[in-house]
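Shared between the two complexes below is chain A, which pairs with chain B and chain C, respectively.
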Partner chain A sequence: MISNRLFIRLLAFAALVAVIAAIFWSQNPAFLSGGNIRALMRHMSVQGLAALGLTFVIVVRHFDLSFPGVASMGAMTLGWLIASGAPFPAAIAGALAVGLVFGLVNGIAVARFGLPDIVTTIATGGLAVGFSYFYSNGTSISQNFFMSGILDLNDKRIIGLDMPFAILMAAAGVAAVVLHASRVGAGMYATGQNRVSARFAGIATRRLIVLAFALCGTMACLAITLLVASSGAANVTAGGQLLMPAFAAVYLGAALFGRPSVGATLAGTLMMSTMLNGFTLLAIPYYYSDAIVSTVLIAAIAIFDPRLSGLLNFRKAAA
Partner chain B sequence: MSALTADIPQRRRGADFLMRYAFFILVAVVFVAFAILRPTFVTPGNIHGMLMSASIAGLMFLGLTWLIAAGEIDVSFMSVAALANMVTAALVQDGQGWALASLGGLGAGVAFGLVNASLVAGLRLPALVITIATGALAASIAAAIGLGTSIALNNTGFVGQVLGLRVGVLPLIAVIVAGLYAVSWFVQERLTFGHYIYAMEQNRAAVVEAGVPVNRMLFMLFVLSGVVSSLAGVLLAANLSSGQPYLGTSYFLDGLTAVLLGGMALKLGKPNVLGTLAATIFLIGLLNGAALLGWTDSQRQIVRGSLLLVGVGLVVFARSRRKT
Partner chain C sequence: MTSGTRTVLDMRGIEKRFGDVKALGHVDFDLDAGEIHALLGVNGAGKSTLIKILSGVYVKSGGTIAVGGVQHELGTPRAAIEAGIATVQQHPELVGDLTGAENIFLGHEGARPGLFGRIDRADIARRAEALLQRFPIQIDLSRRVADMPAVDREIVAILHALRLENTRILILDEPTSTLTEREKASLFSMMRMLRKAGIAIIYITHRLEEVYEIADRFTVFRGGQKVACHTVAEARGKAISIPVLMLGAGGGLTFPPRTGRSDGAVVLEAEGLSADGFANVSLTARKGEILGIFGLVGSGVDELSKALFGAIPSSGALRLEGRDVRFRSPAEALRAGIFLVPGDRRAEGLTLDENVIFNTVAANMSRASLGGLMRFGANRRAARELAQMVDLQPMRLDRDLRGFSGGNQQKVVIARGLYRQAKCYIFVEPTVGVDIGARSRIYALMREISKDAAVIVMSSDCDEVHGVADRTLALYKGRPIEGAADRDQLLHAGIMGGVAA
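Moving on, here comes the complex of A and B:
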């Protein structure tokens, strides 16, 4: 029964993506060319990693509004380390460490000290943006980028896949194991459902919430590392473009598949990236595509809301 | 309530008093420090400018205060203001009068207020995600109106004249906004409507059980937020004599910081209009004084973020102590 419903949802999702793709293809046949699909997958990699991190926080029923700011600081840390001559694995480790530290701070503040999540993450995100200006007074950093090998992160291919997409797939694989095939993931869902009963069931809820925030921060910085690698420069505003697509991907996926999960987030990201890529290809200015994407998000949340879809089922049963 | 407070030991009541009013002391200390370090901070011209900015920002954050006090959130307010700003500017540039243009701007605010209200209060969808989406929608429409750039205006019409009026030494708009805040204070602290707002944050289900039309109240609050935000946007069109599609970004953090920081003063974590007003004046003064002292934007940002974090931490600490 449950797998049957999942199958229907998958079918509906595939049909939706096919319709969207067909519309873009009819407008510009280049949409389905190999080059464009690779561009789409690259775009999806950055957005998908940030959204995957956010998924953990949403699963434990919290919010994180700090990851765009944290990602900006991660980007600047990465740029500064590369510009000052650090080997690029160390630079990437530095960027990820920024995300980890901010994630831990968020998680401990929320889970251990009981601070409200939205306020706390707005404040830490603001702090991170402030710190990101320290490296270069706000100018973008791109010295040493060609020599350091970080651009390989964008250009290299591995088993036929572009490196960014391979990284996304690897991260998604690990995330899927953690969230759907381990006690940690089961504990996170239980924490999100009912914190008190989860704690009485012997789940270390606080530790799981801290872990969720830590993963969110770290993965946002991983996402921004890929973005920096593809643009070849680190910017203080780099993270700003992550907030809306990440929330949209997680909620779109959760709306399509009934609850937030790794698969749902990937599906949401695929849909968002397909639309954004298509609009770019048709040379539609960003402000129109933003408007369409946010409308789609509102519509998806409204239409797939359990009470509304319950209403539809009821009608079907009555008919 | 008075019977309860009487039981609290003297020492703790002192600490409580300090928590409530520490923010106001901080504001006074910082402002005096700015005045001593940079005498231009207290010249009439500078104070006038700060009052103008604080009035417009205060207007924008008024609806947000009540929404957060009621346990909801609206992160679309600054984009709605930007949209109203652009609609007004575009209509004026198109040759319409300022009256019609202002109505157009307000209409955009009412429309987005209604959309937020029906989605969150009507359909009970999650407020944060919905307003992130509607905010992005408003921001992109604002950018689309000017095709991505700002609109310069060559006249500021009657709105500009109203902004230029003074009552004695004070700008008229500051007096009006102060009056509006006084009325809002009365509504929130003295009328049952305001008590229901606080009660909704504590226990929504209990308020519903008590027979209060919670959804209708929430609906009103979201519409109100749209209206005051768009009003601020219209005023900004005259104040800046232009339409700025991206003016929202600078108000986002300031708005949430003002409401939350203000709520930590005075009411230990419950957003209230007096706190918002004080925090707005503080943030505007900080922006201005920091600029005079030659601080960078990032240093100001760090001060602001730290204050918010310390404030929320202190309040949670104080509340947990009180429970035990």
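Moving on, here comes the complex of A and C:
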């Protein structure tokens, strides 16, 4: 019965993607060209990594609004390290470390000290944005980029896939094992759904919440590394574009598949990236596409979320 | 009955099908004005289906409903309310930050004229006053609901249901499940007052002794059919057994036989244990026997169970198998071999949106995983074995816990404990919201578990503690009272705080 329901959801999702793709294709046949699909997958890679990280935090039923700011600081750290001549693996490690540290700070503040997650992560995110100006007073950094080899992260191909997409797939594979086949993931779901019963089952709820925030920060910095590699410069506003698509992908996926999961997040990312890419092809200004994506998100959540539709019925009945 | 036997509700040949499943087959049910009519049956017997049809949640598949002699269809909750039928849910949803009166008229406050349409508090107070004049009850409706005791919240929910003048039928779904004995008495006196005012009450309960205490008539459902309808006087006179009616021949609440042994090895020992809620409790739990602790809601039993489990801090000595221990968290207590079946299984015991397998293995992740990865095949096998042992019904391992009845949810919590293989099991309120068929099974399981481990049962149901335990102890306002020799002394100790001579 469960697998049956999953099958129906998958079918509904495939139909939805097909309809969206058909609409764009009818407007501009280039939408389904090989080049564009590769561009779409690239776009998906950056958004998908950030969304995957956020998935862990959403599974333990918390919010992280800091990761765009943390990602900006990660980008500037990466740029500064490369500009000052560090080898690019060390520079990437530096960027990821920024994400890890901020994630740990968020997690400990929320899980250990019980601070409210939304306000706390807005504050730490703001702090990270502030720090990201330290390196260059806010100007973008691109020295040494061509020499360092970081651009390979964007340009190289591996087993027929563009490097960013291969990284996304690898990260998704690891995330899927952690979240869906390990005791860590089982503990995270238990923690998110019922904190008290998880604690009574001996699950280390606090540690898992800290881990979720740490993963979210680190993955956001990995995402921004790919973005920096593709643009060839580190920018203090780089992280800003991650927030809305990541939340949209996680929630859209959770709405489509009934609960947040790695597969659901990838599906949500695919839909978000398809729409954003399509609107770009149709030369619709980005400020309109944001509005359209947001509308689609809200509509999708309302249609697919059984609790929400149940609530609507209840309202109708009570009125 | 002052208002005579005026039929206010007449349901004839009611049927309800869900696809191929017949939940209710050709049932007749009637209700007189000013009577309290108990509705009985194990979970799945059809009583909730009937109630949902009556309150407009379900649309009936067949049959007719007459309210006050007028035919009604009742397809929606609104239609039911307009027909004069009001329902109080098992866990009424009230707004804690509003006062009792504001909750009663929530959504019908009536605004004062003006730009902001401010709520007319004086008007609410007037209407609450008028309601209390119709139904004179001792309650302060100007208090915040969050500050009220459970019984007052229940009364607010009932007054909410009665706020419309035309309400003639009141449905109460297990209103006493969270109340203490004393609170129950004040709820019952309110019900008697409503009966006098001519309101017909349908009363759903799992506690059969309440039927004799409060009801005028009762109807028993079994397997989607009405199997009996008697007045309580009739049942008393003819010695009709309600458990037998509910379960069919041979049924009845049975406690497993005691072993009569009290020489097992001491597993858990507390000496002068104190925490927020109780003080200076000493107890000894031995392998091979069941220790029963009787205490009303608020007596400190819940706190005691949590202190033994490391969920709340405590002072005093605690020894496990002779060694001094101090648990700083449930995780430490679990590792040491203590398992708690908590009093509120939905909030504390289970992950309701996960399936049976997940919930069975949740308290022993080391056993459920290998090198950090979940052992899916082995876990499924173990869960199936334990589900068969606790007699889970239906036997659906992939179903989310939300889809099981209270009794079967409790069986999964017990399966979780069995998977943990603990040395000492603490059961708190093990049969609240559990139907009578599953209760016998749960008592039998406790006895089985006690063969290999120490078992402590804490409950506000005196008969349960007395029936299942080898040794008993009462807790009264956080104080332990020992020396009760029989059921009545135990009851007295838990309610009055002393052992009667």
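What we mean here is this: the second predicted complex is superposed on the first by the 306 of 319 C-alpha atoms of A that agree within 3 Å, B and C clash if a C-alpha of one lies under 4 Å from a C-alpha of the other, contacts with A are read in each partner's own complex, and residues count from 1 in each chain.
Throughout what follows, a residue touches a chain if its C-beta (ideal position, glycine included) is under 8 Å from a C-beta of that chain, and two chains touch if they have at least 3 such contacts.
Since this is a predicted model, take the numbers as computed values, not measurements.
Using the contact criterion defined above for the overlaid structures, shared-chain residue A:I122 touches chain B, although it does not reach chain C. In the superposition on chain A, A:A264 makes contact with neither chain B nor chain C.
Contact with chain B, but none with chain C, is seen for A:F247 once the two complexes are overlaid on the shared chain. When the shared chain is aligned, chain C comes close enough to touch A:V177, but chain B does not. One of chain B and chain C touches more residues of chain A, and that partner is B.
Applying the stated contact rule after C-alpha superposition, one finds that A:N137 touches chain B and leaves chain C untouched. Of the two partner chains placed by superposition, A:M188 touches none, neither chain B nor chain C.
After overlaying the two complexes on the shared chain, residue contacts for A:G202 are found with chain C alone; chain B is out of touch. Across the complex, chain B meets chain A through its residues 73, 119, 123-126, 128-130, 132-134, 136-137, 139-141, 143-144, 147-148, 253, 256-257, 260, 296-302, 304-306, 308-309, 312-313, 316-317, 320.
On the chain A side of its complex with chain B, the touching residues are 63, 109, 113-116, 118-120, 122-127, 129-134, 137-138, 243-244, 247-248, 251, 285-291, 293-295, 297-298, 301-302, 305, 307-308.
Contacts from chain A toward chain C in the complex involve residues 1-2, 177, 181-184, 186-187, 189-190, 193-194, 196-204, 259, 317-319. Of all the residues in chain C, the ones that touch chain A in their complex are 56, 76-78, 107, 309, 311, 329-331, 334-335, 340, 342, 347-355, 358, 362-366, 368-369, 372-374, 376, 398-399, 416.
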